[in-house]
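One chain, chain A, links the two complexes that follow: it is found with chain B in the first and with chain C in the second.
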Partner chain A sequence: MTIPDVKQKWANPINTVTIGAAKEGGGTRTHTISVGGSTTLPFLHFEGEIPHRPVVAMEILDIVPEDWHPLLSKYFSDVWDNPGKWAKKCVEEFGADLICLRLAGCDPDGKNQGPEEAATAVKSVLETTGVPLIIWGCGNDDKDNEVLPKCSEVSAGERCLLGSITEDNYKTLVALCKADGHKLIAESPVDINIAKQVNILATDLGLDAEDIVIYPTSGALGYGIEYVYSIMERGRLAGLSGDKMWAMPILCDIGKEVWKAKEAIVSQNEVPQWGSQEERGPLWEATTAYVYLLAGTDILIMRHPKAVKEVKKYINKLIV
Partner chain B sequence: MEKKKVRVTFQPSGKTVKVDKDTTLLEAGAQAGVYISSICGGDGICGKCRLIIKKGNIKANPTTLLSREEIRKGYVLACQTTAEGDLEVEVPAESRAEKEKILVDKDAQRFRALYPQAEEKTFFKYDPLVQKLYLELPKTTLQDNLADHLRLYREIRRKRKIPIMQSGLKVLRILPKILRESKGKVTATIGIRGKTTEVIQIEEGDTTKESYGLAVDVGTCTVVVHLVNLNNSQTIDAEATYNSQRVYGEEVTRRIIYAELKGPDKLREAIVNDINNLISTLISRNKIKLNDVMTLVCAGNTTMVHLLLGLDPSQIRREPYIPACTSPPPIRAAEVGIKINPRGLLYTLPSISGWVGGDITAGILATGVNETKSLTMLIDIGTNGEIVLGSKEWMVCCAASAGPAFEGSGVKHGMRAAAGAIEKVEILADGKVKHSTIGGVKPKGICGSGLIDVMAELFKAGFINRSAKLSPEASSRIREKNGELEFILVPASETQIGEAIVLTRADIENLIRAKAAIFAGADILVKSMDLEIKEIEQLYLAGGFGNYLNKEKALVLGLIPDISPDKVQFVGNTSIMGAKMALLSREALERSYEITKKITYYDLITNPGYMDEFISAKFIPHTDLAKFPSLAKKL
Partner chain C sequence: MALTGLEIYKNLPKTNCGDCNFPTCMAFAMQLAAKRVSLDQCPHVSEEAKATLAEASAPPMRLVKIGKDKNPLEIGQETVLFRHQEKFHRPTGIAIKLKDNLREGEIDKEVEEINGLKFTRVGEEISINLIAIEHTGVSAEEYARLVGKVKEKSNFPLILISPKPEVIEAALGVSSEGNPLIYVANKENYEGMASLAKKYRCPLCVEGKDLEELAERTAEIKKLGVEDIVLSIDSDRAMDTLQDLTRSRRLALEKKFRPLGYPTITFTTEKDSFQEVGQATTYICKYGGILVIEGKKKWQILPLLTVRQNIYTDPQVPNAVEAKLYEIGGVSSNSPLIVTTNFSLTYFTVEGEVTNSKIPTYISVVETEGLGVLNAYAGDKWSAEKIGKTLEEQKVKEKVGHNSVIIPGLVAVFRAELEEDFGWKVLVGPEEAARIPAFLKNEWKVN
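So, the complex of A and B:
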C-alpha cells in the first residue's frame, strides 16, 4: 500500500516585503531585511518554500522611558537618554535584526515633543546603526499626522517601516509611504475583517499590497493570546488560499504587552512560588514570542535582551 | 392628600390637558393626544422629544442632549421635564409626530404586477373568512319539524359545504322570532372559527349587499388599515397612522419592558385606539355602517400581536425567546376593544417564532415564496430585518436586528414615508445635491428610501469611503458640528424645520450597521443551506418605503445580495397584502398555518459566525468583494 501524499499546495504565496535600503537601493543601510514570501504555513519546510526567516526588532524610545521595568533599565539606562546610542547597543550587543523607534515623546498627554525632535531621534538612529528601521508614532492620530511627515522626510529613501495606519487614520501615512518610499504597518483590533478593511482602504488610495505588513494587535501570554493566535492563523490560511488582503507578512508588538503582565513584573518577594523574576520576566516574553512565531509572525518587536537571544536561537533551530 | 393639578397647553395644536404636578411633559402629551417623538420611551437618552417652553415654570433634569444655545431658546426634553405650574409649550416641527397620512396607495397595483411573473402561483379561491348568506327557509310543517337552528344549518349547507356549525346563545335567543317575522327570509353571517363555522349574526331580509372587512398591518412604527368590500374583494379605501405605542418606546424590546413594568393594558389601549380611529375615519368617509363591518384580519410581528390581544409578551425578549402564543384563535373583536360589529371576528396571521411574526407569514403568503419552484429570497426591511429563503420545497428564515434606522428612527433627521420626507437623492458631478420629497413640499426629514439613496450617492461621489467615514476634504457640504462630522443634505433656508437637514457620522454608522445586519443575515441563511448567492432566482424587497426604492442603490450599498436587478422586485408592504388575502380566502388563512409549519427558523443570535459576517458586511459594499462580483468590476 502506498501512503498518500498529504502535502498541501497553497494557491498564493505570502508577499515578500523588504525593509531598509542599502547603497545600491538608494539608502544608507548596511543591509536590507526581507520577510514573508512563504508558500506554506510556518516552519512546514517539507511542504513549501520559506525563503525568509522571522526577524526580531528591538524597541527603543525617543525619550527616557518612565515606566520601563528595572529588569529592562538594567540593560539600557546607560544609553536610553540617546536614541542613537540605545539603538547601537541593541544591534551590537544584543543582536537586534531591526530597530523599532517608538515616538513616545510626541504623545500630547506626555512630553508633547514636536516634529523636529522626533526627526532628530530618527536621524540619530540612522546614523549610529546600519540595520533597517521601524518608526512608530505615539498612537495619537492627530499628533502622528503632524510628526510623521517630518520623520518620513528625513528618512526618505531608507525604506523604513512606518506605523501604524488604522481604519480611522490612514490617509497621511499612505501618502508619506508613497512619496518617500517607505513600507507601512496596518493595524486592526484583533479582527479578521477589519484587518482586511484597513488594507483595502490603503490600497484603494494607490498603495501596493506588497508595501504592507499586518499588525493584528497582539497580547501577552495569558492575556488573550489564544484569540490573537486564531485570528492570525485564520488570516494566514486565508492569505495562502488566495485572499490578497491577508497575504501580507505579520508583525507582533509584544515587548510593550509582556512588560505590563503581572507574571513578568511581579517580584519573587511578592509571589515566592513563581520563582526568580530575573528568569521569569524574559521567559514570559520569549514564550509569548514562540507562540506568535507558530501562528505565522514574521516580525517581532521585543524588549529584553535575554528574551531576544532565546527567540533568535529558537528561530535558528526551526529554520533548516 | 391629593396631588396638585396643573394645566399644560401644547402648541401649535392648542390641545390642553390637566395632569398631576409631577407628570412628565411626554406623559402629559400622550394624555392630551399630542404625539411627541420618542425613541427611548422616556429614559432621557434619545433626545428626540424636544419641546420649547413658551410660558410657565418647569423642573427639568439636566441633560447633555441639548446645546447651550437650545437651552437658552427654551428647549427641554419632554421626558425629563415636569410642570411646576400651568404651562404653555410648543412642539417644534422636528418633534412632531403628527397623524399624517402615510402613503398606502399603489400597493395594490404594485402587487398585481407581481403575479404574472410567478407563473406557478396558484390563486386562492375567493371565500371570505366571514360572509353573509341570504336564505329562504321553507315553512315549518308537521313533516318538516326540525328545530329552528337545524333548519337554518340545513339551508346554509345547501349553499356551502360546512360539516360543523355552531351558534352563540345570542343568535339562538332571537332566531325563532326573526325566522317567523321575516317569513323565513333572512341573512345569516357565518364566520370561520378553526374547524367549525359559527353563525355570528342573523338579520331579517337580504342585507348581503353591505358586507365589509378590514385588513390591518399592525407595525411597530405604523398601522395601516384597508377597507375591503367582501362581495367583490375590492379595496375601497385605505388609511394609516403611526402606532401611538411608540410613546412607550420606539423599539419592540422597550415596549415589552414597559408592558412588564406597568402591565400590558396601556399598550393595548393605544393600538386599539389607533385601529378604531382609522376604522371610524374609513367608514364615515365611505358612508358605511359600523355594523356592516364584520371582521378584521391583522398581521403584525409577534410582539405587536401579543400587545394587541393583551397577551403577556415578557418571555419574548428573554432566552430562549418563548412567545405566549404563535397562532391565536379567531376571537370576538369586541373582546379586545375593537369597534366593528359587536359580534364581528378578529383574526391574526400566525407567527413563526418570537422574533419572526405574522407580518412575515403574510409576506410569504403575498409573494408566494412557498408556492414557487424558483429559489426565492424575501427581505423585509424593518426594525427587525426578517429574511426568508426557499421555495415550495423548503423554507428557512431569520431575523436580523437591524434597528429602526431605515424606518427613520435613530437617524437625526430620519422620518417615515410621509409628506415632506426626502425620498430621492442625487449628488451631481459638481457636488450639488438634488432631492425630491414625498408630496413635493419643502423637506422635513429623510425616509428610508431617501436614506438608501443618500448613502449610495455619498459613496459614489467619494464623500464617504468604503468604511463609511466622511471625508471632510471631499466636499464643502461636510462640516464639523459639536465635534462631529455631518453632511448637509439640504441647507436650513430650504427646509420646513428651520434648520439644515443633515446626515451625521452617527447616522451613517447606524445605517451601515443596519445594512450589515440585514446582509449578514441573508448571507448566513444562504450559506446555511449550502447554496450560493448567485443561485437565488428572485429577490423580493419589502418594507414601508412609500412608493419608491432604488434597487441599484441598495445594491451599491451592499444592503441586498448581488444578483441581477431584473430579478429584484420592490414589493412594498407585504404585511397588509397577506392580511387581505387571508381576509378574502379561507384557503389563504389555512395556507398561512401551513407556512408556519413548513418554515425553519435560524437563530442568528446563537450563530457563531454571525459577528464575523456582520463586521465583514460593515463595509461598502462588503469586505469580501467576491460576494459582489458585479460591483467588483466597477470599483
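So, the complex of A and C:
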C-alpha cells in the first residue's frame, strides 16, 4: 500500500555555530565543534539533514566546589583544586566533547575572586586541553561584566562560547565577542518571547545571529522539565518555520539542576524504595538529557562521568 | 474528527421531505455538524451513508482498551503532535516483559517485584500498567499455565506474546475475560490471530516489515472484523523506531490515514540499563502508546514514570493545590509553621519532606496562581506582605502558640519585612525541600 508522504518542508535551517578555533582558524584548539545546521526536527533523518550531532560539555569550576555530591566528588576531588587538571581529566578520562568552566569563584556572595584569578583558570584549561571551551560567569551581572572581559582577552581567537547575556545585561558581552571572536550564550527564563528578544537586542548591536546559542533555562526531570521542553519545541518549530531569531542551536545546563534533585542526591538508606543511588543519581542526569535531546538541544552541560558516557553513547544511536 | 455540514449533506437523501423536523436536508446537516441532533432523526438515511458518516466522524486515531475491572488501560485517540498544541491525552502504558522460561519458584518473586513498582510523586501514585509474557520455547499448555499464574498474582492487564495462534489460544483460554492484548499478527499468521481476536473480543497488535506493509495488514485485518488494533513499531534501532512512530502519528493525525489510525506498541531492545532507559524515554516522549521493557529495577522505573508524568501533564491547566493552612500529622500549638506556594509540585515536594520528618507541622499555602517559589517571586505573585496577610487570613495565630515561621531559603529576602511589618520571627529554611527534615530536627525551635 502506498502511504501519503508526511515529510515537511521547513522554510529555514537551524544556524550552524562553530565553537573553538584550531591553528588554521587562529586558535590553539586541536579541533573545532560545530552544532546546529539541521533542516528538520531532532533525529528525523527521513525528512532532512542533520549534519552535526548534539554534544556534551562537562562542567568544571574555578574553585573547589562546596556542595558537590559525594557521587561526583569521588571522580573529581583529586583534581578539582586545579581547573586545568580537572578539565584534562574530563576530556581524557571521561570523553567530554567540550569543557564548561563556570566562574563560581567570582560570586560576590562567595569567594569574590577577581578578573586575574578567573583569567588564570581560563588559561590553565586552554593549556591542558585541546577541546573548545565554554566560559560561564557567576550569574551576577555587575561582577560578570568586570570579570569576563579579562577572560575574553586571554582567550581571544579561541572562539569560546561565553555566557551569558540576558535581556537586562548584554552590551558588555556582545562587544567582547565581536572584539575577540567568541560566540555567545543568550539566556532567558523559560519564555519564548524573551528568548527571542535577547537575540534581537544582541543582533541589533551588530552580533551575527550565527554567533548565538540559545539557553532557555533548564529544569531537572521532575522539577519543571516539561515547561522547558515545550518552550524548546515551540522555539525549534518557529526557527525551522522561518523565525530567524529562534533559528539558533539550543543549550541545556542540566548538571547543576539535577544534582540538587532529591532523586539524585538521597541515599538508598533514606529511601529504600528508590533503589541503588549509585545508579539512580547518574541515571537521573542521563534521563534529563534524553528528554531534552528530543526537544532539540544541541549542547548539554553535565556533571557525572557515567551519565556523560551513556548520553554520548545514546546520541550515537540516534544519528547515522 | 468533526465533519462540516456540507460533507454530511452529501450523504443525506437530499429530498427535503422534512421528516426530521427540519425544512431541508441542508438545515438538518448543519444541526448535525454542530452536534445538536443525531443522525437517526432522519428515517430515510441509507445504511451505506450511515457507515460512511460514522467512519468519517470517527476520531483519526482509535481508542483501544486493554484489561478490565481493576486496572484497565486506554490508549490512542491522541489529537496533537506536540504537547503545547493541546495536551497528550493518554499516558504511555508501561509493560514489564517476562519470559516463559521462568522456573516455578521464580514466578512469584518476579510478579511480586513488578507489583511493587509504584511510587508517589506530586501527590499522585505512578506505576507501571501491564505485564507482557513472552512465549519462547515451552508447550502451549505450559505457557497457558504461566499466564494463569501471573494473572492470579497481579492485577495488571496482560500482553500475550507469541506468533503462534495455538499458543495464544491456549493462553486466552485462561485469561480472555481480562481482555488481554494479543501480540502479534504478522504476514503468516494474521488470519488465525484475527479470528482469535474476534472470538475472544481482545485487542490485537499488528506487525509489518515497514509502515507500508503494516498499513496493508491492518486493512486486511479490519476486513476480517477486528477493529481494536495496536500498531507494532519495533525496529531494533531507536533511530528507526522514533522515525516510524513520528510518521505514523503524522499519518494518522495530519493525513487522516485510516490504516494507521491506531495507537502504537514499542519494545526496548537495549540490554544495558542506561541505554534501555534512553530508548524508553524516547518512546514515551515521542508517541509510544505502549512501551514494553525488560529492565525493572526501581532506579530505572522511577525516572521513566517521572518522564511520563511530566510529558503527559496538561500544559493548559495550572497545577495548583488549594491555598489554605494544612495540618500534617498530629499538630499541636507548639508545632512548627512553614510557608510555601500553591504550585502542586512545590507543595507536594514540601509536604512529602514534612511527612518524612515525622514532625507534625503546619503548612501555610499562599495563593500564588500555581507558581513555584522563584516563579511566584519573579512574577510578583507573592511577597512578604502577601505571606503576612495570608497568615492573618488563615488565622494561624489561633492555632500556633508561638511566633516563628519558616520561609523557603530561595526567598530569604522576605525576612526583614515579615519581621518588621508583621511581627513574625522568621527562620530562613534550606533552599531544597530535601533538607527540610534535618532543618526541622536541628534548627527549629519555638520562640
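We adopt the following convention: the second predicted complex is superposed on the first by the 318 of 320 C-alpha atoms of A that agree within 3 Å, B and C clash if a C-alpha of one lies under 4 Å from a C-alpha of the other, contacts with A are read in each partner's own complex, and residues count from 1 in each chain.
What we mean here is this: contacts are C-beta pairs under 8 Å (C-beta built on N, C-alpha and C of every residue); 3 or more make two chains touch, one makes a residue touch a chain.
For clarity, every value in this text was computed on a predicted model and none was experimentally measured.
With chain A as the common reference, chain B sits beside chain C without any clash.
After overlaying the two complexes on the shared chain, residue contacts for A:37 are found with neither chain B nor chain C.
Once the two complexes are overlaid on the shared chain, A:204 sits against chain B while remaining clear of chain C. Panel annotation: after superposition on the shared chain A, the angle at the CA centre of chain A between chain B and chain C (CA centres) reads 70 degrees, nearest 10.
Once the two complexes are overlaid on the shared chain, A:237 sits against chain C while remaining clear of chain B. Residue contacts after overlaying the shared chain place A:286 against chain C, while chain B stays out of touching range. In the overlay built on the shared chain, the residue A:168 is in contact with chain B alone; chain C does not reach it. Between chain B and chain C, the partner in contact with more residues of chain A is C. In the overlay built on the shared chain, the residue A:196 is in contact with chain B alone; chain C does not reach it. The overlay of the two complexes leaves chain B and chain C separated by a minimum Cα distance of 7 Å.
Looking at the complex, you find that chain C touches chain A at residues 82-84, 116, 119, 121, 211-213, 215-216, 219, 237-239, 242-243, 246-247, 250-251, 254-255, 257, 259-260, 272-275, 277-279, 281-282, 285-286, 297-300, 302-304, 306-307, 309-311, 313, 315, 345, 349, 372, 378, 431-434. Those residues of chain A that touch chain C in the complex are listed here as 1-4, 6, 43-46, 189, 221-227, 229-230, 233-234, 237, 260, 262-263, 265-266, 273-277, 279-280, 282-284, 286-287, 290-291, 294, 306, 310-311, 313-314, 317-320. Contacts from chain A toward chain B in the complex involve residues 167-168, 191-194, 196-197, 200-201, 204, 245.
Across the complex, chain A is touched by residues 465-467, 469, 612, 615-616, 618-619, 623-624 of chain B.
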